[in-house]
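These notes open a run of structures that come right after.
Two complexes, one shared chain (subunit A), two partners (subunit B, subunit C).
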Partner chain A sequence: MHLFVKSGVDVIEIGVPFTDPIAEGPIIQKAHDRALKKDISLKNIVDMVIKFRETNSQTPIVLMGYLNTFIAHSDLIENSDNLGIDALLVVDIPGELKLDSYGIANPNIDTISLISPTTSDHRIKQITENSSGFIYYVNLRGVTGSSNLDMNEIEKNISKIRQYTKIPTLAGFGIKTPSDAKILAKCADGVIVGSSIVEMIDAAKETKDFSKIEEYLKDLHRAIN
Partner chain B sequence: MNSQIKLSTVIGFFGEYGGKFVPETLMFALDELETTYKSLKDDPAFIEEFYKDLSHFVGRPSPLYFAKRLTEHYGGGNVWLKREDLNHTGAHKINNTVGQILLAKHMGKKRIIAETGAGQHGVASATVAARLGLECHIYMGAEDVRRQSLNVYRIKLLGAHVHAVDSGSATLKDALNEALSDWVTNIDNTYYIIGSVTGPHPYPMIVRDFNSDKTNGSAESNELFNKLPDAVVAFVGGGSNAMGAFYPFIKEDDVRLIGVEAGGEGVETGEHAAPLNDGTPGVSCTEIELIYCKMMMVR
Partner chain C sequence: MHGNRTYLLQDDDGQIIDAHSISAGLDYPGIGPEHSWLKDIGRAEYVAVNDDEALKAFHEVTELEGIMPALETAHAFAYLPILMKELSPEANVVVNVSGRGDKDINTVAEIDGIKF
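Coming up: the complex of A and B.
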């Protein structure tokens, strides 16, 4: 995580392992499977964040996961003053429902919601009203790690979202190369890259040589600035 | 009657259960399906089309058969069997797929997907898709493909593509995840036929309605016995059979509704298929509506 920050990452998103990660493509699905086989729980992740915070109190951290996990550990989220976690992104809760209905709200933690190419104007309004932190715009019809970005559609939808909210809109799903990031950074306030990094982490798990990831992140950083 | 059960489906919640817990991209498709279903379900032409298919294609109403020797074996009461196994394709599953393929037709969808465990829902979906000449993809856990090779053969004979899913435990839940991935990717032209009452709203409502048609249940019972049955017994897996069997009786205080889950090695061993007897409530897109059945069973 410190390497990410050193390489120009502004916000770190951590996936919370779940048995049925229905929004994920094969790369991140396998990462969920690997983590579950090693019994990685939400508690372990919170402990990891607390350790990270010993030397970094600045970089925002977002937990991305599925509702059942957070409900099962609601006490962990709700009763903590300072977990070091800045926001939750619960993939499978409809944006018009509120996390406090499920006992997982915390005034110190922002609620990030997804808006997709198929979200109606009416829902964009409801979702932006319930969101804080930033809006996560899903670039494509598909799961994480897919291809085929339709730039015209993305640009049109992000400018639509901006009519309803002043919080930043970040674009994610399907971003693989620095040139993808460069184009998207023109219309979004930031870009979110997941599958490519997860794939590189898996490839480097034996050697522990993460220099390629560092290089890749620096390239992305240069491309969007 | 259990007073906390509200038969309202206005926003897709049944008390604290129900809802749509899926990624945002799918919300549009669920709204589209709900709008279509609501506009058609009371339309006389749609109803006529559905019942015509049930009688001429499925072979309903299925007989209600007095099981004389089973009755003698148990030595009390009278056991009648509702022979859903005599429907075309051999299970109650076809009732729902016949109804949903009509919805797909009205929505102009050209591509059908479905997930299946034992394969019955896969066969029923492939059958109705073949009848309309629609492209059909069936997702099935690799382990289930191996165990249910005969149904896999039938699905392929009907012209559908079978996708064996290797991820996770390579069974039904993994097939469902893959089917959802397909749907989220091909959402504009694809209709997803869900066969159990465990999906996101409006599916449980639709599956319930298509499985509890007017030829099922109380009217039939009144005609045969001049009274309602004392009890209705149904097996519970994904809940479609139980929901269809129970629903016509849910407001009848004097009819006991008994759901039966597979106990396997015994509920206490953990080696079973009885999540309602030994499970915890959750809000994933796959478990919530079962709890609705549970509420009905424990009354």
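Coming up: the complex of A and C.
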């Protein structure tokens, strides 16, 4: 995580392992499986964030995961003044509902919601009303790690979202290369890269040589600035 | 899970636990959300029946009634004799035969060691 920050990452999104990660493509699914084999739970992730916060109080941290694991540890989220977590992205909560409907509200934690190419105007309005932090625009119809970005559609939909909300709209899904990021950064307030990094972490898990990740993140950073 | 809020087989971390049932329709770690609601408002009671009891009922209903129940339905028939002990002899009981068992003959044949 410190390497990410050093390499130009502005916000860190951490996936919370779940047995049924329905939004994920094969790369991140495998990461969920690896973590679950080591019994990594939301508690461990929170401990990791607390440790990270000992030397970094600035970089925003988003936990991305599935509703059932957050409900199981609702005490952890609800009764904490400062976990060091800035936002939750619960991908399987219906956009019309708020986290407090499930007992996992915390006034210090933002709620990030997904809007996809197939979200209707009516739902975009409702979802933006229930969101804070930023809007996560899903670039494509598919799972994480897919390809085929339709730039015209993305641009059109992000400007539509901006009619309903003043919070930043970040684009995610399908961004693999610095040139993808560069094009996306022209219409979105930021880009979210997941599978490519997770794949590199997997490849480096034995050697612990993360220099390729550092290089990749710096390239991304240069491309969007 | 899977877009609905319902009772699940899960551990303390909210991770889903693998389910097992002889009948494909019950081999799922959750239940239909309508059933969660019916349970919560006290409109329905839920009981458990295991694979062996369901298989026994499948054979009994097939032999005695000429109706081959789906293995899901066989679970309901397996509970019927237990329920009848609690009711008066005049009681009328409706068993919903939710599905037909010819879809399950390969499963049952394999367990019974029958080759087609």
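Going forward, the second predicted complex is superposed on the first by the 225 of 225 C-alpha atoms of A that agree within 3 Å, B and C clash if a C-alpha of one lies under 4 Å from a C-alpha of the other, contacts with A are read in each partner's own complex, and residues count from 1 in each chain.
FYI, a residue touches a chain if its C-beta (ideal position, glycine included) is under 8 Å from a C-beta of that chain, and two chains touch if they have at least 3 such contacts.
What you are looking at is a predicted structure, and each value in this text was computed from that prediction instead of being measured.
S.K.: Judging by the criteria at the top, classify the pair subunit B and subunit C on subunit A as clash or fit.
M.R.: They clash: once the shared chain is superposed, the two partners overlap in space.
S.K.: For A:22 in the superposed arrangement: first (subunit B), second (subunit C), both or neither?
M.R.: In the superposition, A:22 touches subunit B and subunit C alike.
S.K.: Check the residue A:68 against both partner chains and state whether it touches subunit B (first), subunit C (second), both, or neither.
M.R.: both
S.K.: A:129 contacts which: subunit B (first), subunit C (second), both, neither?
M.R.: A:129: touches no partner chain.
S.K.: Considering only touches as defined above, state whether A:92 meets subunit B (first), subunit C (second), both or neither.
M.R.: After superposition on chain A, A:92 lies in contact with both partners, subunit B and subunit C.
S.K.: So, A:143: does it touch subunit B (first), subunit C (second), both, or neither?
M.R.: first
S.K.: Which of the two, subunit B or subunit C, is in touch with more residues of subunit A?
M.R.: Touching more of subunit A: B.
S.K.: Is A:42 in contact with subunit B, with subunit C, with both, or with neither (first, second, both, neither)?
M.R.: A:42 sits against subunit C, while subunit B stays out of touch.
S.K.: Across the two complexes, what residues of subunit A are contacted by subunit B and by subunit C?
M.R.: 19-20, 22, 66, 68, 71, 92
S.K.: Once bound in the complex, which stretches of subunit B touch subunit A?
M.R.: Interface residues on the subunit B side: 19-29, 31, 167-168, 173, 176-177, 180-181, 184-188, 282-286.
S.K.: For a test of understanding, state which residues of subunit A touch subunit C in their complex under the given definition.
M.R.: 17-20, 22, 36, 41-43, 66, 68-73, 92
S.K.: Which bits of subunit A are touching subunit B when the two form their complex?
M.R.: By the definition above, subunit A touches subunit B via 19-23, 25-26, 29-30, 33, 66-68, 71, 91-95, 97, 102, 113-120, 123, 127, 138, 141-143, 146.
S.K.: Can you list the residues on subunit C that touch subunit A in the complex?
M.R.: Contact set of subunit C toward subunit A: 1-3, 8, 10, 12-16.
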